[in-house]
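Next up: some structures, all given as structure tokens.
Below, chain A partners chain B and then partners chain C, in two separate complexes.
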Partner chain A sequence: MSVIVFGLVQLVPGDPIRLALGTRFDQETYDALLARSGLDQPLVQQYVTWAGRALTGDLGVSFRSGETVTSLIGERLPATLTLAFASILVALLIAVPLGTLSALRPRSVVDRVATVLSQIGISVPEFWMAIVLILVFAGTLGWLPSGGYVPLTEDPGGWAQRLLLPAVVTGVVSGSVITRFVRSSVLEALGADHVRTAQAKGLPGRQVFTWHVLRNALLPLVTVTGVQLAYLLSGVVVVEIVFAWPGLGQLALQAVQSRDYPVLQGAILLFAVVFLLINLVVDLLYTAIDPRIRR
Partner chain B sequence: MTGAPLPEPAASPTATEEGVPSTARPPQPRWRQTLVLLARNPTAAVAGTVLLLIVLTAVFDEAIAPTGPNEIAVEDRLQPPSLAHPFGTDDLGRDILSRVILGAAVSLRVGFLAVTFALVVGALIGLLAGYYGRWVDDVLMRFMDILFAFPAVLLAIAVLAVRGPGAGNTALAIGIVYVPVFARVTRASVLGVREDVYVRASRSVGASDWRLLTRHVLPNAAPPIIVQTSISLAFAVLAEAALSFLGLGTQPPNPSWGLMLAEGRGFIDLAWWLAFFPGMAIFLTVLCFNLLGDGLRDVLDPRQRTLMAGSGR
Partner chain C sequence: MSAPLLEVEDLRVRLRTPRGPAEVVNGLSYTVGRGETVAVVGESGSGKSVSVLALLGLLPARVATVTGSARLDGEDLLTMSPERLREVRGPGVGMVFQDPMTSLNPVLTIGRQLVEGIRAHGEVSKAAAREQAAGLLAEVGLPDPQRALDRYPHELSGGMRQRVVIAIALSNNPALLIADEATTALDVTVQAQILDLVAELQSEHGTGVIWITHDLGVVAGIADRVLVMYGGRCVEDGTVDDVLERPAHPYTRGLLGALPDLAQVGDGELATVPGVPPAPTDLPPGCVFWPRCPVRSDPRCETEQPPLAVVGTSGGTLPHRAATWCEEGSPR
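Now for the complex of A and B:
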């Protein structure tokens, strides 16, 4: 996979050194910088050097700012983590009650409203929703700031205020996807034989629901939540841009625009690793939830 | 995904006869049955009709649009919606209704191109992997897994960074992102059909791989692929808008819904209509593709409902 990351980024056209230096420079500075960045080496050697260092956590130095990629990513990571986990929280708070309710009363008013709402949530462009929310809550009502980020440790109130809108935007979109999964998996669990048995032997409805229905419906929920979390962690680039949220997505976009290979490589590699990690966690959760899988 | 043979659509009255090749064809072509069933589903019918209107608008864009996309009339700039300009005008006095109509052509063209690419390449990979199995399957699907592991938007951004912005490259970027999705759906569907009686029967009388694939496997494995196509069109339109919004897709002064949103964002306090109408256009189009996809799934492939809901986002 690291080969693909490296190869893809190498294909980006444009001369990064030229971009970093601006319009006025002499050949000597150019050569010096070229040698320092290792770009004068053959590609294979560049790859081996990069991959070797990446394994030890050294992802190189940004062409543009001269900072190490590791520290650049480290700076952005808290903002991205905050937004991703806040969004998934919003998503689950919407999806679990809504999906369960509509599964318990299929074809009822609640079910129809929930279906329409989740369909709308899936279809709405998130950057458009972001703009509309900013217009309403930051513009017209003036309740919330329109964007930016402050660390929790510096200003908890400001942190929460600034987190709310982006988390709602991404949370609503993810929540809509998850709602549909919750609905169908609860419906499926409700129709299972063992649920009918539990009801037949006279267990109280609540007990049947928590122990026999919810527990079985949990597996697909874990999967889809994992997928959504991976998607959110990989930087909801567009939402980050609209809310001026200094996350990884923004960093990656800037890196593309300024041909900053090391930063782009580092960011994409990190996303890919995160994706694999989340899949691993989901698999581990599976065995914890469902003892059948362990066998 | 599904190990068991995929049954014919439950709603089809001739489902059981489909197993006998060529002699017992259903009296009506299947697409017509599908269309009839689809029309009985009110949501899908409405969504399909609206989509048809949107597509017609996109096809006859220049005939319908009141003005050209880039007719600048500075004296009319930032006019709110009125009879002369139903959607208002932008900061250069361009008619927003006209730009939304002409933007439909751009957005839909990119969407269709992207999905066609993903469909052709993905379905081919899935078909080969599912039909031949063994090492073909392993090699192809591992490669798909790797591609799938990259975050969709970033993969598209990276492709655009390599190839430069523009409509064709945007379509390619989005198409590449969706290749693994189609490959997986096709492979799963093919696996379900591969060992069905009619395929084995045809093989035993000496039909070639090509004939088996085109006459028996592909037609019977098609329903989930068709459903996926509709849903992918929704996300392709959304992705095109997002990439154009970021300045990587369609380039100004061409009208594209995402680009118009980005341009309108700066005027959001002064003139809400700049960003509102292109956003509504995206939303409506995406919603209709999604609803149509849901309707198609109910008709063609009821068993796949839980498996595919919301895949791709």
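Now for the complex of A and C:
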């Protein structure tokens, strides 16, 4: 995996040193910088050096700012974590009730409306939705700031205000995807034979629904939520840019623009690790939810 | 004779399907007495399962229209309030479903699934309900019932699961037990054990039983009366002896004729009833069995639905009835 990360970054066209130096420079400075950054080494050598250091937690130094990549990522991580978890919360708050209602009354008005809404949510570009929301809530109504980020510890009110719009944009998109899954998994759970057994026992409807339908529909929901969370954690670039949200997506974009290989490699490596971690968590949750997987 | 436990009258079920309305059950009437076992037999698609699911309101209301009446102890199941129906499910009627592999919830323990049924019908503490559940599992012959309570369905074999399903159906001492192909998915030895078990419980508690099956061997073994269904109608009913020994309807004869004779070894071909049952969206106008009937002795067969008429009462007090234009003793 680290080979792929490294290789992909090397494919980015452009010369980082030239970009760092600007239009006017002399050959000596160029050579000196090249030697210091290690870019004059053969690629294999560069990879081995980078991978070796990465293993010890040293992801190198940014070409652009001179800061270590780990500290750059560390600075951005809280913002991304905040946005990702807030978004997934919004997504679930939308998807679980809406998907469940649709499944309970298939082909009803609620179901049709939910289908259309989730179709819109999936297909509308995030930047467009973000801009519309900013125009309405920050511009016309003036209720919320148009962007930026304040740490929770400094100003909880401002933190929540600034979090709301970006979380809604990404939450609506993820929520639209998850709604579809909730609908189909609840529908499937409703049709299961054991639901009839539960009804035949004379259980109250609510109990049948909670323990014999929702409980069983939870499994696919965990999977799709995990996938969505992984996607959100790897930085929702567009939304972070529009809302001036200082997260990892923004960092990665800046790194691409300035050919800042160490930062870009570090960010991509982190995304990959996050993805694996989330998959691990999903698997662990599965064993907690489904006794058939337990040993 | 005292009032029967269950009195079904003119039960009709119509299902909305993509191919138009399906008349799945068409005017079914029968009774089940206390302690009596009524077997309902017929091919797949003859409306057996739907007719009993309709009794308990277990058909999806969006697609099923149920008419007629079904009085359990004088109270009509088909018109009672949803809350009253919920109270009846369990103590009034217990139901055992066909497939033990899918009729238990895979993510809840056996104990939980039993306990919730017990606690849905009375103030019982969790601990007491758990004790009761263990007792039930012991009663249905599950080894080590205390430990079985904490197991999940997938940890048990099919036969064991079906015992659990039966234990759930029996957990509120139902007045009527409906077993829908309860042993079809099991192997023969397990089936025999389960049949014995139900007979035993029946003699202890005086439970009335509706046993749905297409296994005539099972019918002969456990039933007092038989009801033969075809195309959503009762085509013949009567005591086991009457129906199995002196079948009056060509369809019943066909079913009995299709039983392979194990004593006969050789290359003899299996007898069948040729053709398939009519689609419930497209029932024939006359006798439902006419398109497949080998007799067709009467001109009315094709055009007029024969009524269920008494053909004899040789077995005892119960009439032997059949819905056919065929004269008794007409050629097979």
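In this text, the second predicted complex is superposed on the first by the 293 of 295 C-alpha atoms of A that agree within 3 Å, B and C clash if a C-alpha of one lies under 4 Å from a C-alpha of the other, contacts with A are read in each partner's own complex, and residues count from 1 in each chain.
The definition used in the following text is that a contact is a pair of C-beta atoms (placed from the backbone, for glycine too) under 8 Å apart; a residue touches a chain by one contact, two chains touch by 3 or more.
Here the structure is a predicted model, which is why all the values come from computation and not from measurement.
For the composite obtained by superposing both complexes on chain A, the positions of chain B and chain C are free of clash and fit together. Once the two complexes are laid over each other on the shared chain, residue contacts for A:207 go to chain C alone; chain B is not touched.
Of the two partners chain B and chain C, more chain A residues are in touch with B. Once chain A of one complex is fitted onto chain A of the other, the partner contacts of A:194 are limited to chain C, with no touch recorded for chain B.
Once the two complexes are laid over each other on the shared chain, residue contacts for A:150 go to neither chain B nor chain C. Taking the C-alpha centre of chain A as the vertex, the lines to the centres of chain B and chain C open to an angle of 70 degrees, rounded to the nearest 10. Looking at the shared chain after the overlay, A:222 reaches neither chain B nor chain C.
When both complexes are overlaid on chain A, the residue A:290 reaches chain C alone and has no touch with chain B. Put simply, the nearest alpha carbons of chain B and chain C end up 10 Å apart when the two models share chain A.
Shared contact residues of chain A, touching chain B in one structure and chain C in the other, are absent. Listing the residues of chain B that touch chain A in their complex gives 146, 149-154, 157-158, 160-162, 164, 234, 238, 241-242, 245-246, 248, 258, 261, 265, 268-269, 272, 275-276, 279, 282-283, 286-287, 290-291, 294, 305-306, 309-310, 313. Residues of chain A that touch chain B in their complex: 1, 4, 8-9, 11-13, 119-120, 122-125, 127-128, 131-132, 134-135, 139, 173, 176-177, 180-181, 184-185, 188, 220, 224, 230-231, 234-238, 241-242, 249, 252-253, 256, 259, 264, 267-268, 271-272, 275-276. Residue ranges of chain A in contact with chain C, taken from their complex: 192-194, 196-205, 207, 211-212, 215-216, 289-292. By the touch criterion given at the top, residues 53, 56, 58, 82, 86-91, 93-95, 97, 99, 102-109, 113, 116-117, 120-121, 152, 154, 165, 168-169, 171-172 of chain C touch chain A in their complex.
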